[in-house]
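Given below, in the form of structure tokens, are the structures.
Below are two complexes that have chain A in common, paired first with chain B and then with chain C.
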Partner chain A sequence: MNYINSYAHIKNNSVYVNGEQVFTYDKNATVNTFLSEAYHAINLVYPKFHKMDTLCKLGLLCAEFALQNNHFINEHHLQKTAIILSNSSSSLETDKLYQHSISDKNNYFPSPTIFVYTLPNIIIGELAIKHKITGENAFFITEKFDANLLVDYCETILNHNATSAICGWVELNENSYEAIIFLVEKKYHPDKNSIFKPLNQQIVTQIYNQT
Partner chain B sequence: MEVLIEKLKRQVIEQLNLVEVKPEDINPDSPLFGEGLGLDSIDALELIVLLEKHYGIKIEDPKDGKTIFQSLTTLAEYIKANGKS
Partner chain C sequence: MVFASHNNIISGLGFSTEENYQAVLNSKLAVKKTTLPFSKEEFCLATIDQTLLNNRFSNIDDPKHFTKLEQLSILSINEVITNSGINPSDEKTVLIYSTTKGNIDLLEKEKTSNIDKKRAYLFEFANVLKSHFNFKNNPIVLSNACISGILAIIIAKRFIEKGTYNHVIVCGGDIISEFTLSGFKSFNALSNEACRPFDKARVGINLGEAVSSILITNHKSLSKPYETQIISGFSANDANHISGPSRTGDGLLQCLNQLNITSTNHIGFISAHGTATVFNDEMESVAIERAHLTDIPVNSLKGYYGHTLGAAGVLETILSLESLKNQTLISSAGFKNKGVTGKISVIEQFEKKSFQSFIKTAAGFGGCNAAAFFSKI
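Entry: the complex of A and B
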């Protein structure tokens, strides 16, 4: 049996951890303003955050909210922690930004900083770098949040090498966005900040729909 | 030279998105990579773009970067010796 230790859900300029709203900001604010405010609210000190594109900021912050005050990172062998993420729009927003930056042949200065974010799995890279996670990883593109795919893939990995997994959905398309990150564990050892629900499609779908 | 260094501080902060760094925080003689500003390899590429975009300087041999990007002072000296604007 595998368990959901905790989860964080970000949408509509609000952050929910294990179903409870922990941060909210002006609904009319842009996604970048909201993410910047959420970064300060969680007291994160990670200058690299400001260099990331919006999709990575969203994914990293969502994971940070899930991991905050949680034993997950400290108690696991990080080389056996997997990261499995998914979304629908890939890195389209940054792809468009990069395309725009190279469209004028008389002002042609391709930005390496923008270019490195023209793949969605860079979110996995940013998480792995920050927490020194070296386990298996995968990024899936699906039309919409697919609880079945995430649960199946998580279980497959946890039945082999991994002892824990960070998995979820990190989607950004123009000003529309949503992220949900689950911390999944093979062993049952709850603490006061964990929910410890069984990992299955029904529970994941229920959690996704409830906040 | 001091004017150029101050201008470079602002340009580096803007180009590299160093949101939490203020111009006065940067010691022009401190290393740009590793210690000091703690820049990484992508930042190095971004600095090469900055040189070309703002000063018309193209670094032909990447090995030269190690000397040029040692600190803001070495960068300013290189621009003064090779810049077009």
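Entry: the complex of A and C
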């Protein structure tokens, strides 16, 4: 049996942890302003954050909120923690920025620092570095949040070489953004902040729709 | 058991696996010095001729309505479906598409075509393939940098073992665009000459374009072409740097250690990632030595095809299956003098050899690594 131990959901300039709103900001603020405020709200000190593109900032912060006060990812689990993420727009917002930098032949400045963020799995890399997690990786692209795919795939790896997983959805497009990250584990890990729900399609869909 | 079966490779060396394997046996390189329409500079890369492609594709549909990557993918998947006889509308069959950038060329402003720009979204691109073949299930797109191809094969095996699917067509593809070319150039990662994996004189990669497809299945009756199963496969992250491999090869070592290899006796070769960058090849050699796999000869196919990104893991697995079927080691094009510190022996010439199995490795941006183990049944 696999369990959801905690989750964080970020959308409409608000952050929810295990279903409760923990931070909210001016609904008219830009995504970057909001993420910068949320970074301060969680008292994160991580200078690398400021170098990341918006998509990675969103993913990193969402995981930070989900992991906050949760101790199940300890050193014994780092090799056996998987990071499985998904979205519908890949890294297209950063892709467009990069494409713009090479669109004018007289003003041609391809930047390696932007180019490196033109892959969606860079979020996985950033999370792995931040938390020293070295387990399985996968980044899926689906039209909408796909609870079936995420739960099905998490189950396959939790049946094999993973004991826990950070999994979810980190989406940014020209009109909106949304991130939801679940911490799932093979066994129930007693922790005062744990929500302890079984990992299955119905529960994941219900959680996704409730906030 | 999960089998690696019917397949197809489309590259600058041909439109079928057979053509590609024969070309490689004759030491033909897909990479060559080329000037592209968007650049006055000459680059060493492997492209697929658009006129040749249009001619092939017009037997199936009107090329005007499809991007280059869509045409290549449809041709490639079509061959796997035709040769294997599987039914895409079956509820236990799915397509996993491995790509880094998909239809990224649709972002180019000057590009005027009647193709909807929304197909730059990878799920929209995959929907084109879904509706062309009438797949019942939504395709699963995997975009995990340069390990995407081999990781897609590993994921296919896992879904089949879990019982979610019986047949998975894994298709990997990427085209050469101004986007990827300028990006790798900005990283100083490109070689102006044919790339030289594991060689002392290696200076960087050649980009290549290719699309490759393979059927992964649990039906033994479909395993005929190779009678080869996927024994195991894993991915791992270095947790070290987003754009450079770990110097100590930790992530790849973690993958290799999990393959659970008890004896190297019957393993013919390791098909390495071998991009010909200074850091990747060094890292792989260190990981192979640390995994105690130094007895096994190593090759990289990047000297023939360049780095085909999302296609690489699929293409290199298919040619490794041909190598196993024909009991022939493929030489590592571009290699003369060993230029890595890890104790490895690089395959310098084609050689007949009796063997049972091989290992495929890969590594990519975002610190990701993967390895898989294939063996005769």
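A few notes on this one:
Simple rule for what comes next: the second predicted complex is superposed on the first by the 208 of 211 C-alpha atoms of A that agree within 3 Å, B and C clash if a C-alpha of one lies under 4 Å from a C-alpha of the other, contacts with A are read in each partner's own complex, and residues count from 1 in each chain.
In this text, a residue touches a chain if its C-beta (ideal position, glycine included) is under 8 Å from a C-beta of that chain, and two chains touch if they have at least 3 such contacts.
The structure presented is a predicted model; accordingly, all values stated were derived computationally and were not measured.
When both complexes are overlaid on chain A, chain B and chain C end up sitting side by side without clashing.
When both complexes are overlaid on chain A, the residue A:47 reaches chain B alone and has no touch with chain C.
Residue contacts after overlaying the shared chain place A:195 against neither chain B nor chain C.
When the shared chain is aligned, chain B and chain C each come close enough to touch A:116. Superposing both complexes on chain A places the Cα centres of chain B and chain C at an angle of 80° as seen from the Cα centre of chain A, in steps of 10. Of the two partner chains placed by the overlay, neither chain B nor chain C lies in contact with A:22. Between chain B and chain C, more residues of chain A are touched by C. With chain A used as the common frame, the shortest Cα distance separating chain B from chain C works out to 7 Å.
The residues of chain A shared by its contacts with chain B and with chain C are 110-112, 116.
Residues of chain A that touch chain B in their complex: 47, 50-51, 109-113, 116.
Within the complex, the chain B residues that touch chain A are 16-21, 38, 42-43, 45-46, 49, 52-53. Listing the residues of chain A that touch chain C in their complex gives 78-79, 83, 88-90, 92, 95-96, 98-99, 102-103, 108, 110-112, 115-116, 118-122, 124-126, 128-129, 131-143, 149, 152-153, 155-157, 159-161.
Those residues of chain C lying in contact with chain A across their complex are 100-102, 104, 107-109, 120-123, 126-127, 138, 140-145, 147, 151, 155, 158-159, 161-162, 164, 178-179, 182-187, 234-243, 250-251, 254, 258, 364-368.
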